[in-house]
Amino acid sequence: MDKRYIYVLLFVVGSIPFFVPMVLPLPITEMTSKYNDFIESIPDGSIVAFNVQIYRSTWPMLGSGSAVTTTRLFEKDCRIVFFTMSASGVPMIDFNVQEAFKINPKLSDKVYGADWVDLGFVSGDESGLAAFLTNIPGVLPTDSNGTPLEDIPIMKGIKTGGDIKYVINAAGSVSSPPLYFQRQWVAKYGVKLGLIAVKSTGPQVTPFIEAGEMQGALIGTGGCAEYEALTQKPGPALSLTNAGSITIIFLMLLMVASNINYYRGRK
Amino acid sequence: MNILDIFVAGRAVTSLMLLVFCFMLILIMELNLREKIALKIRRMAGVDAIDEAIGIAVEKGKPVMFLPGQGKLGTGRSGGALAAISTFSYVVKTCAEKGAKLLAPTMLPTVYSIMQDIVKQAYIAAGKREEYDPSIVTFVSPKMQAYMSKVGTMMEEERIGSCIMFGSWAGATLWMAERSFEAGAFSIGGTDSPSTIPFFLAVCDRCIMGEEIYAVGAYLSEDKAMIGSIGGQDIGKIIIILLLLIGSILVNLGVDVLPWFKM
Amino acid sequence: MMSFYKSTLPKWILFICGIVVLIASIFVVPEPLKNVSNEIQHFTSILTSFAICLGAVSLGINNVKRTVKKQSGWCYSIVLLISLIATIGIGISLGRKSANFMWIYNYLYMPLQAAIYSILFFQVGTAVYRTFIVKNPTATVLLIFACLTILGGAPAITCTIPGLTALNDWILAVPQMSGSRGIMIGLGVGIIGISVRTILGREKAYQMGEE
Amino acid sequence: MDPSPIIGMLMVLVMWSSLYKENPLYLIGENMLVGVSMGYFFVIAYNFIQTSCIKPMIAGSYYLVIAVVLGLMLFFNLHKKYSWVSRYPMWFIMGTSAALAMTGAIKAQITDQIRATILPVLSISSPMDIFNSIITLVLVIAGIMYFIFTREVKGPIRHVRTVGYWLLIITFGVLFGSTVLYRVDFFLGQLNKVLKPEIRPCTLLSAILILVVVKLWSRWQEQKGVVDE
C-alpha cells in the first residue's frame, strides 16, 4: 500500500476534531501539580528570571503554558526578568507578555522597567549562560531597547545569577537548555527552577525532579492543558489535547493492524 | 580553617570528587598509553553484530551499506563521528576479507574525505592497490532531506543485504531504519543521542545504545588513549556504585551522610 | 616554527582557558583571577556570535560558487542567496524591531520551519504501520511501554481507564527515572572524560577535523 | 483583511506538498528557509556583538578588542591555506566549554543524583515509598553497570547487567512514546493554525490548487523523462 494513503488518512483524522470540537475531562499528572505548587509557593513581589525559547512555530503547542505562567506571576505581583538563550526566541518575549495581558486584561497596567524587563538574546549556549550569570551587567549592559541597566528599577540589585531566587526555563523544543540550566544555574547558585518543554524532554528530566533539583515541569500540550485547568484559565491547549486523542487512537489501531498483517503474512 | 575552606562554599565535597576523577582519568590514560598497564575492552555485542551482518550479506550475495550518521567532526560533540570512522575501517577490512561489496554514502565533507582515505589505505595494506574502487565512499549531499531520499532509493536499487547505521544520528534516524527494513536488509543501528536510540531499538535487528558506540569504536581502533580513557571512566562508575552502596548502608545505620554533599 | 603557531600555541590557549575557568569555579580565588575567568566566559559568548556570522558568510560563499559553476540545483541557490541577503539587509538597516523584519520572522521563517518539523510526524505515521512490529523480546517490552505512554497522552483513554495516569506516573517516577539516572551518571562521567582529554589536547576529534 | 496569515499558511502547504511528491515548489521553500534562517541568525548575532562587545569597548573597557580580533580570526576558516588561524578562537571556545561542562556536570549529574538515591529507607513510613526507594537504588546501580566496558562481568553480577539491559529497554520505551506524542502535538499545533476559521476556506482551496500544480508538473516531468530516454 502506497504510504501516501496513510498521509491522507492522518490529515483527515487529524482535522476531524477542528470541525467537531470535543470536551473531555483531563486527569492531572504529578509533574504538572508539582509545577503548580512551585508557582504558587513563590512569595509575592519576588524577582523571577524567565528564559523564553518557545518560538512562533512551537507556540501553538506550548505557548499557553508560558502565557498562563506569566499571568500567574504578574497576578502575584512578581517582577519578571525576561531573556532568551536562542536567537529565534527574541521576538517571543514581547509576544508572551502581550498574550498574558490578553488572558487577564487587568494586568495591562504593569509598567515596563518596574514590573518586567526584556534583556533580549544571550549568545553562547552553556558558556554564554555561565558568563551571563557571573556578571549580568557585564554581558548585557543594556536591555533590548538600548536603555542601560542602571536606569531600569527592576535590575537595581541584580549583579549575578545568585541575586535571583526563582527561574522559569521555557526551553520549548530545544533539547540542550534543560541540562545546561541545571548544570550552570541550579548546581552553582542553588536557585529553584520550573521547566516548560516538549513531550520528549519529559522522561529525560525526571531524575532532576525526583532529586528536588527541578521543582516541576509542564511537559507537552497535555501539561499546558492540565495547568490551564488547574489555574482555571481556559486556553487552546485543552482543545488541542482532546484533538490528539483521535490521532493517538488511530496510530494505535494502525500499529495493531500492522502486527496482525505481519504475523498473518508469516503463517 | 579546615581543608575544605579552600573550595567554593556548598560545593567542597563535589569539587574534591571532581579533582579525584580528573587525576584518576589522567593517570590511567597515561599508564595505558605508555603500556604500563594493558587495559582491554571486553568483547562487545556490537562487534559480533557487525560480523553477523557482513556474514549475512555475503550469504545472500548482496552488498553491505555503511552509514556514518550525521555527527560533525571538530565540534564539541564529535565522539559519535569518531566512533563511526573507527568502525568503518574495521568494516572495510572485514568486507575485503570476505569479498563483500561495500557502499558508504555520506553527507559531511570531512567525514567523506577521511573515509575515502581509509578505503585507500586498506587496499594498499592488502596489497591490492589496483583493485581500489573510489566509488565505495560517495558524497551524496549536505542537506538532510536530499541525503535521506537519495540513500533510500540507493538501498532499493542496489538491493542491499545488510545495513550498518553507526554514529551520531538525528532527524534522519527513522527514515533510514524504515527504508532498510523495507529493503529486507539485516540492519544494525548505533547512536549516542538518547532521543534516537528508541527508533533503532524498535526497528533494527541489533541496536548499540549510547556510550556503547564509543566503546565499540575504541575496541576496533585499538587507540591506546581512548581505551585508557574508557578504562578510567569505568573505574569512575565503579567508585559511584560503591558510594551508592556504602552511602545507603550508612544512612540506614543512622550516620547522616547527606549534609556532607552540601558542605 | 610554523608548527608552533599551527598546533602548539593553540593547544596552550586551550589549556590555559580550561585551567583558569576550572580553578576559578572550584577554588576560592582572589578577585583578579575571578574577573579573568568571567571575562574568558564573556569572550566565549561573543565568539559564538562571531561563529554564527561566519556560518552565514560561508553559506553565502558556497552558494555563490554553486551558482557561478552552474552545479545541479543552482537556481535554488539563487533563491537562497536572495532570501539571505534580503533578510540581512532589512535586519541591519531597519533594525531588529522594525515591522518588515518581524514580518519575515512571523510569516516566512517560522511557518517554513514549523512545516519541515511537522513532516517528522508523517515519518512516525508510516513507520507505525510498517516497522513497529513485535518480532523479538526487546521490541515487545519496548512497544508495551511506548504504547502505555502514548495512550497516557490521550484524554479520551485516560478518562475511560482510571488507573492509567497513576500507572504512567509510577513508571515515569521509578523505573524510567532510575534508567535515566543511570544513563545521566554515565554521561556525567563521560563528559568529565571528554573534557579532561579536550583540555589536555588529547581529543583526536579536533585534529582530525582540521587536517 | 491582512493577507499575512494566508502567506504563512501558503508556506506551510508548499512544504507539505513534498509529502505528495518532491517538487520545485518544495525546493524553493526549503532553500528560502535556509537563507531566511541564516540571515535572521546573522542579524541577531550582529546585534548581540554590538550590545555586548562593540559598544562597551568604545565606552571604556578596551580589553574587549581582544575578543573582536579573535572573532575576526574565525573568518580565516574560509581561506584554504590559512584556515589554521581559525583554530585560536575555535579552541578558545572548546577549552572554556569543556571546563564549564565539567564543573557543572559533576554536581548536577553525579553528586546530586547520588544524594537523591541514598534514602533513609527505615525512617520512611509508607510501604510504597520504601519499595520505591529500594527498587530505585538497585535499578540505578544496574543501569550504571550496563555501561562498564573494560571489566569482563562473570558470576552472579552478570544478572545485574541483564537487569540493567531490560531497565534501559523500559526507559527507551517511555522515551519512544514521548517522542511520538511530541510529534503528534507539533503536527496538530500546525494543523490548528492552518485550519483557523477565518482562513479555513482559503486553506482548502490553495491545498487543492497546489496538489493540481504538483500533479501537472510531475506528469510533465514523466513526458519529458520519456522524451529524454
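Quick notes on this one:
Labels for the chains are A, B, C and D, by order of writing; each one numbers its residues from 1.
Definition applied: a contact is a pair of C-beta atoms (placed from the backbone, for glycine too) under 8 Å apart; a residue touches a chain by one contact, two chains touch by 3 or more.
As the structure is a prediction and not an experimental result, all values here were calculated from the model.
In terms of the stated touch criterion, the partners common to chain A and chain B are C, D, listed by label. No other pair of chains shares as many C-beta contacts as C-D. Note on chain placement: the centre of chain A and the centre of chain C lie 18 Å apart, centres being C-alpha means.
For the pair chain A and chain D, the distance between C-alpha centroids works out to 16 Å.
Chain centres here are Cα averages; for chain C and chain D they lie 5 Å apart. Looking at chain A, one finds that residues 7, 10, 57-58, 87-88, 90, 122-123, 127, 130, 139, 173, 187-188, 199-200, 202-204, 207, 210, 220, 222, 244, 248, 251 touch two or more other chains.
Each of residues 25-26, 41-42, 44-49, 52, 96, 105-106, 109-111, 113-114, 117, 120-124, 126, 128, 130, 132, 138, 142-143, 146-147, 150, 153, 172-173, 176-177, 180-181, 183-187, 189, 192, 194, 196, 206, 210 in chain C touches at least two other chains. Touching two or more other chains at once are residues 11, 15, 18, 21-22, 74, 194-195, 198-199, 201-202, 210-211, 230, 237, 240 of chain B. Taken chain by chain, the contacts link every pair, so each chain touches all the others. By the touch criterion given at the top, residues 4, 7, 10-11, 14-15, 18, 57-61, 87-88, 90, 120-123, 126-127, 130, 139-142, 146, 173, 179-180, 182-184, 186-188, 198-200, 202-204, 207-208, 210-213, 219-222, 236, 239-240, 243-244, 247-248, 251 of chain A touch chain D in their complex.
Residues of chain B touching chain A in their complex: 10-11, 194-195. Within the complex, the chain D residues that touch chain B are 18, 22, 30, 90, 94, 97-98, 102-103, 106-107, 110-112, 114-115, 117-122, 137, 140-141, 144-145, 147-153, 168-169, 172-173, 175-176, 179. By the touch criterion stated above, chain A contacts chain B in their complex at residues 175, 187-188, 190, 200, 204.
Chain D contributes residues 19-20, 40-41, 44-45, 47-48, 51-52, 55-56, 59, 93, 96-97, 100-101, 103-105, 107-109, 112-113, 115-116, 136, 171, 174-175, 178-182, 184-193, 195 to its touches with chain A in the complex.
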